[in-house]
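Below you'll find a set of structures to go through.
Here subunit A shows up in two complexes: once beside subunit B, once beside subunit C.
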Partner chain A sequence: MSAAPQSDPRRPRIPTWVRVVSVVAAGVVILSVTATLTGQYQLTSRGTTQAAVLLLLPILFAGLGGLWSERAGVINIGLEGMMILGTWGAAWAGYQWGPWAAVLGGIVLGALGGLLHAVATVTFNVNHIVSGVAITLLGMGVTKYLSTLLFEPISQNPRQSPRVEAFNTFSVQPVADSLASVESQQRVLLSDVAGLLGGLLSGLTPLVIIGFALVPISYLVLWRTRFGLRLRSCGENPVAAESLGVKVVTYKYVGVVISGALAGLGGAALTLNPGQLGYLEGQTGGRGYIGLAAMIFGNWRPGGLLAGSALFGYVDGVQLRAGGEAVHGLLYGATILAVGLAVVWVARRRWRAALIAAVAGAVVYGVYYSIDTVPREFAAYAPQLVTLLVLAVASQRLRPPAAIGLEYRRGEGD
Partner chain B sequence: MRIRRGFVLAAAVLTSALVVVGCARDTGTTQPAGGGGTNAGACARNSAPPAPAGGAASAAPAQPNADASGLKVGVAFDIGGRGDASFNDAAGAGLDRAISQLGLAKANTKELTAGPNESEDAAATRLRQLVSDGYNPIIAVGFKYATALKTVATESPNTKFAIVDDSSVDLPNVTPLVFAEEQGSFLVGVAAALKTQTCKIGFVGGVEQPLIQKFQAGYVQGAKAVAPNIQVDVDYLTPAGDFTGFSDPAKGQVVATGQLDSGADVIYHAAGASGQGVFQAVKAAGKSAIGVDSDQYNIPGLADVKDVIITSMLKRVDVAVFDYLNAAAAGNLSTLPKTFDLKVDGVGYATSGGKVDDIAAQLDAYKAAIISGAIKVGTAPTS
Partner chain C sequence: MTRARTVLLPPALAIVFAALLCAVALLISGDSPVTALRVMVTQVGEGTTAVDIVNSGAIYYIAALAVAIGFQMKLFNIGIEGQYRLAACVAAIVGGALVLPPVVHTLVIIVVAAVVGAVWAGIAALLKAYRGVSEVISTIMLNFIATGLIAFLIRPDSFGVLQGNNISTAPIEPSGHFPGISFGSSGTLFGMVAVAVLLGLGYWFLLNRTRFGFELKASGESPTAATAGGVDARRMVIIALVLSGAVAGLVGLPELLGRDLAYTLTSPQGYGFTGIAVALLGRNHPLGIALGALLWAFLDKSALALDNVGVPREIVLIMQGSVVLSVVIAYEIVRRYELAAEQRRVAAQLRSAAAAEKVAS
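Then we have the complex of A and B:
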């Protein structure tokens, strides 16, 4: 999804979809080779993919929330708080009227958090970080109070809601079953693809569909409609936008409220997770912040943030399901990736990048060779480490909206 | 030109892919989800140890109830406080029992509760407040109070303190109330090994720290005592220092599903509220689970998953708190056991639901062997 406008003019530009497809294909091949050579078949199993989808979903919603707010020029570090509000709202509506009400409840409560953030930052020009932190603290406090008030009489526990009915899961049949049979044959590549795809097509809930659908929808709305152009212009240069008649304050409000609603939806996804009975104090566990990191990883773009949250979800899923040995296997995959990149860059005559990739590959392989399993302490933070690495390498090319976090007053451009 | 090169490349990739796809892996069809890596046929089980001679297995005699009407008791709860359906509630129950059985006046008790992620300072302030209000003895619930308690207990040498789940504060006026979790875990490990059909069981720990490793060590030892070649899948949700592992059911569910997919059919969790996720995963797969700390079969919030809970490892914080208050009222703390273990009913296993009734004889035999000292249970994982 990343458009590289500064790319070499001598080369014809490769269409975006071709690049996306080839990146995904390369990833699958690397995973397949790794699984085959290291014997860590969990890397591409259906169960791992399902776990990854479950784990990435709240992060994806939070990341999309961050996207909408930050594209409108408002830093939203309060995603975590809006997500907490969402978990509570989802549980409160959900235990009374079922899962769809839970989705709605999460959205409404999250949007309220977003509205508060908009009032503070857009109308009163409060520092965005300060307001965001305050909303996170407020979210924790308010939900604690409300759940003591409303949940404790029913659940006998102030930190937990009564049981919320979850969505029934479904699979895309008959594709899912045939993929399962292919996977069980353990044929190189074919079974890996079947495992990865099978996990995506079975054990689904409507929320998974909504989550994946919101990525292209966000892209289309923000980049392909007049509304989206105007909203993004508020994040790039609100004074210029205003001079062209854009109602900057309104657009910022809309962006931040939608952001809160998406974060709240993430909270609902967490409450309706198959392993969950409902609301539980502290269940977000920083996923709002991770969503923000995934968005930055994705260069403030929907496709990129999907990749970022998939990375978090996948590595976390592998680590939780199969432990340090499987993460150890991923090191092998990282080596292949580094060598592949080195080859590509040599072909493009980018010697320095190629050298760095080759050295990195050698180092990772050295680590792989010298240890048998990644210590659990490292394995648990593997997604964070990978993100740090990627950001360190790619930060030169990241480009946040130009006017993000800046104060804006109506009419100040006169 | 470029396009033709692209076609050549694509053709080459496709051909090689087709060649590769043709190869099956050596492991054949045994690998993926379901039944992988089990050894059901070879699950030899040892018989239970003989009952020790002389009836040494009987529990130690309880101390007579003392009169606590003169005591002013302060209790500092851990995060969550009363109503957490876990160990704060258990400590509260011990206090309630002291009120009803020892003549302790309710007006003479004070309860304070910790907030999440608070500083050491806030904990110390809470304890100091109880001291300055004249409460004596004061019970700190949870190892999080250890550092704060050390400071405050040094400042007020004339006040008696007790701390649940920690033995690191070595002061004359501090009584540690610690439990032999490994002994209770040993017994549920025995139950898991007797109940498994696949000879593979699982353990899900919340946070990988020494306290939870005690649960793991006892469980694994107990399972291996019954079935020496049993496989035990051990997983933790978060590493030491990251306490979200106790409140993240989503992760609990993923980890438990992973263990179930690899063939485990009984899973023991020591993961606090994350255990909900474990129970849900186990219920979805129709296998068995073992609860922790309190009798989780009877917890209202878990009512819809209780049919998979075959037993729970009980940690009787209520017994410890009651015994401590009783001893404090009698003015003789030396009668308290160093560790609340099986002998004094400080730990045990739950029988609610009747799912372990058929193996009660074996469980009691192991219990007797631990009490008599014939079996020593380790507190640290061996591997």
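Then we have the complex of A and C:
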């Protein structure tokens, strides 16, 4: 999915939106064919898509958080810790003053974590990964302490908050209902599209809207405004930025604090997830790290990280809603994808890539053919496996900000 | 004198700062920091606490050594967690299935654990060396996958045995155990503590007395200079990570061979991240790491004692987290200060040399 076609000077460049639309369309067709041929209709059902959207949300927020920080040149592996702080802040504010206060509480506590990371990495030049690990440890400790102190007297359980009122869900009517009726007719392709779209348009919460809106907003702010250009210049070449009068330290602080706020918002999304009572110890389950992986998967771009989080959310949703047999069906889809890529690359005379794709397809099909179901234990970790594979295949094409993780001190440019 | 200040001052400052922070937190929550401190100190003499601290300290020590090997080359092996858990699980399965004479059995289990840890880290090493994948991300992903793999391996229809409500591997026969040193009512010291000490000595020897150690440190200090000096960067990455993984494979063994004798779903987790923190505390120095590991274990055990007098035990977690964060900041401040002092000193020497030359001419 991430393998965007390389720009070829001989060929006229295809506009980005055409590429995006064709990739999405290809994905839908593959899922539809897979669902029809394997009989795993859960793959494209409304319920699966809904679950996927709710599961991708925290990952998306964390990924956006990673984007803001890393574009300013600061590696943020502390996203996990900031997210944990966010879950606590959301629960604490949420059980007293309702869901919007929860959102705010998550943002504030996450931003505090981000501020700490900024102080350590920007002001004191501590290694970014070291600081991130320390903040995750500290975040875990602080939330455990605070929840024992403030939640236990009310919830009788130090690992859990009192019940937090969640947002009411809503659907885009009358579109959602008509899509549901199309889905129930079980027509090839049409019903699948209706199921996927229906899941996107029903069972929504304000947070889903905020999450999807933040992707274009991040793009516009970071790539289309003066502020964004300056922030990114701090991640690419801080010394040059400084020589042009950009206050590098300030921009880095802003980037990292926004990053923490977004991670905290991701924590709030977890706490407010429908079906979730509130804060629960260990609730984040490493989603901060997965958000970071989704961002790297997306090549440090908002659109790419949306695709990455969608992949994680979708596989997770399929696994939770329909279990190992549906994930097994996805293997069939992966085979179709590999064969399709092989055909495309043969047409473009890229023999080596085509051969690798064909072999990979054969291997995946072999696995599909030899087992009946993917063991539950592996199905749960399919997203991580996919990330590892994608990184192994595509990491040469990724382009992180040039000065990421490097030490910068004001006035040392000459 | 300067050296002692650079080495000892930062951790001392950090511990004092973290203690103050916790004192404030305790005062806010209405507990007495003095009581807390008294309880923490007196608990060491009670029951098996002292031996427990050394036992946990040894585990943290091995984990931190594994992290430190990577750190020497500026490689972040976040994957100690997955490496040691998978290694302990596979070693328990192999150890439970084999029937061998006493010493050989134990050795086989240890070797299996080291190999599994090395292989799991080796995946990240190969990805880093040949595909340029950041080891931070790949090892984090491998941690998750290891969790899935372990759950799969100890399923009752794979290699697991159902024991009450818990699933575990088949128990290891007594011939495979690593005998401990008993202190009567004060508890039993894990035999693996000795192995941890040996590993520390080996680490020191490797870094300071071998060509490999020199190349490792050189690659960490300046990759370009090392490459110019004929060091194969790719090879160093692979060896460093695989070695780190092999040591990480041993982290789970003190408890596996000295106490639990089987790997279960509830076997302890989290030593990998503790190892990172301890390695940071100890500045990758074998003695520093040992002190850091003991401090960490001491704080861990304090949690129980604090709970008994009604102080929230989670205060220990805050203490641990803030110690790590303040220690890295403190090292950085002192390093910056020393650098400026050295620049001043050199400048003064140059000035006086120039003045002497002027007089001579």
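Structure notes:
The definition used in the following text is that the second predicted complex is superposed on the first by the 408 of 414 C-alpha atoms of A that agree within 3 Å, B and C clash if a C-alpha of one lies under 4 Å from a C-alpha of the other, contacts with A are read in each partner's own complex, and residues count from 1 in each chain.
Here is the rule we use: a contact is a pair of C-beta atoms (placed from the backbone, for glycine too) under 8 Å apart; a residue touches a chain by one contact, two chains touch by 3 or more.
Worth saying up front: this structure is predicted, and the values here are computed from it rather than measured.
Considered on the superposed subunit A, subunit B and subunit C are sterically incompatible, since they clash.
Once the two complexes are overlaid on the shared chain, A:Ile296 sits against subunit C while remaining clear of subunit B. Looking at the shared chain after the overlay, A:Asn125 reaches subunit C, while subunit B stays out of its contact range. Using the contact criterion defined above for the overlaid structures, shared-chain residue A:Glu70 touches neither subunit B nor subunit C, since it reaches no partner. Once the two complexes are overlaid on the shared chain, A:Gly286 sits against subunit B and subunit C alike. Touch criterion met: A:Leu55 reaches subunit B, while subunit C stays clear of it.
By the touch criterion stated above, A:Glu242 is placed in contact with neither subunit B nor subunit C.
In the superposition on chain A, contact of A:Glu183 is made with subunit B only, not with subunit C. In the superposition on chain A, A:Leu277 contacts subunit B only, with no contact to subunit C.
Within the superposed three-chain model, A:Glu377 lies in touch with subunit B and with subunit C [touch as defined at top]. Once both structures are laid onto chain A, the subunit B stretch out of 74-82, 128-136 or 254-262 that overlaps subunit C is 128-136. In the three-chain superposition model, subunit A touches both subunit B and subunit C at residues 140, 286, 377, 380-381.
On subunit A, the positions that touch subunit B within their shared complex are 12, 36, 39, 41-42, 45-47, 51, 54-55, 140, 152, 155-160, 162-163, 183-191, 195, 270, 273-277, 280-283, 285-286, 317, 320-323, 376-377, 380-381.
On subunit A, the positions that touch subunit C within their shared complex are 77, 116, 120, 124-127, 129-131, 133-142, 144-145, 148-149, 286, 289, 292-293, 296, 375, 377-378, 380-381, 384-385, 387-388, 391-393, 395-396.
Against subunit A, in their complex, subunit C makes its touches with residues 25, 29, 76, 78, 127, 131-134, 136-138, 140-145, 147-149, 151-152, 155, 273, 276-277, 280, 312-322, 324-325, 328-329, 332-333. Here subunit B touches subunit A in the complex through residues 2, 17, 20-25, 27-29, 31-33, 80-81, 83-85, 116, 208, 235-240, 242, 244, 247-258, 261, 273, 276-278, 280-281, 284, 300-304, going by the rule given at the top.
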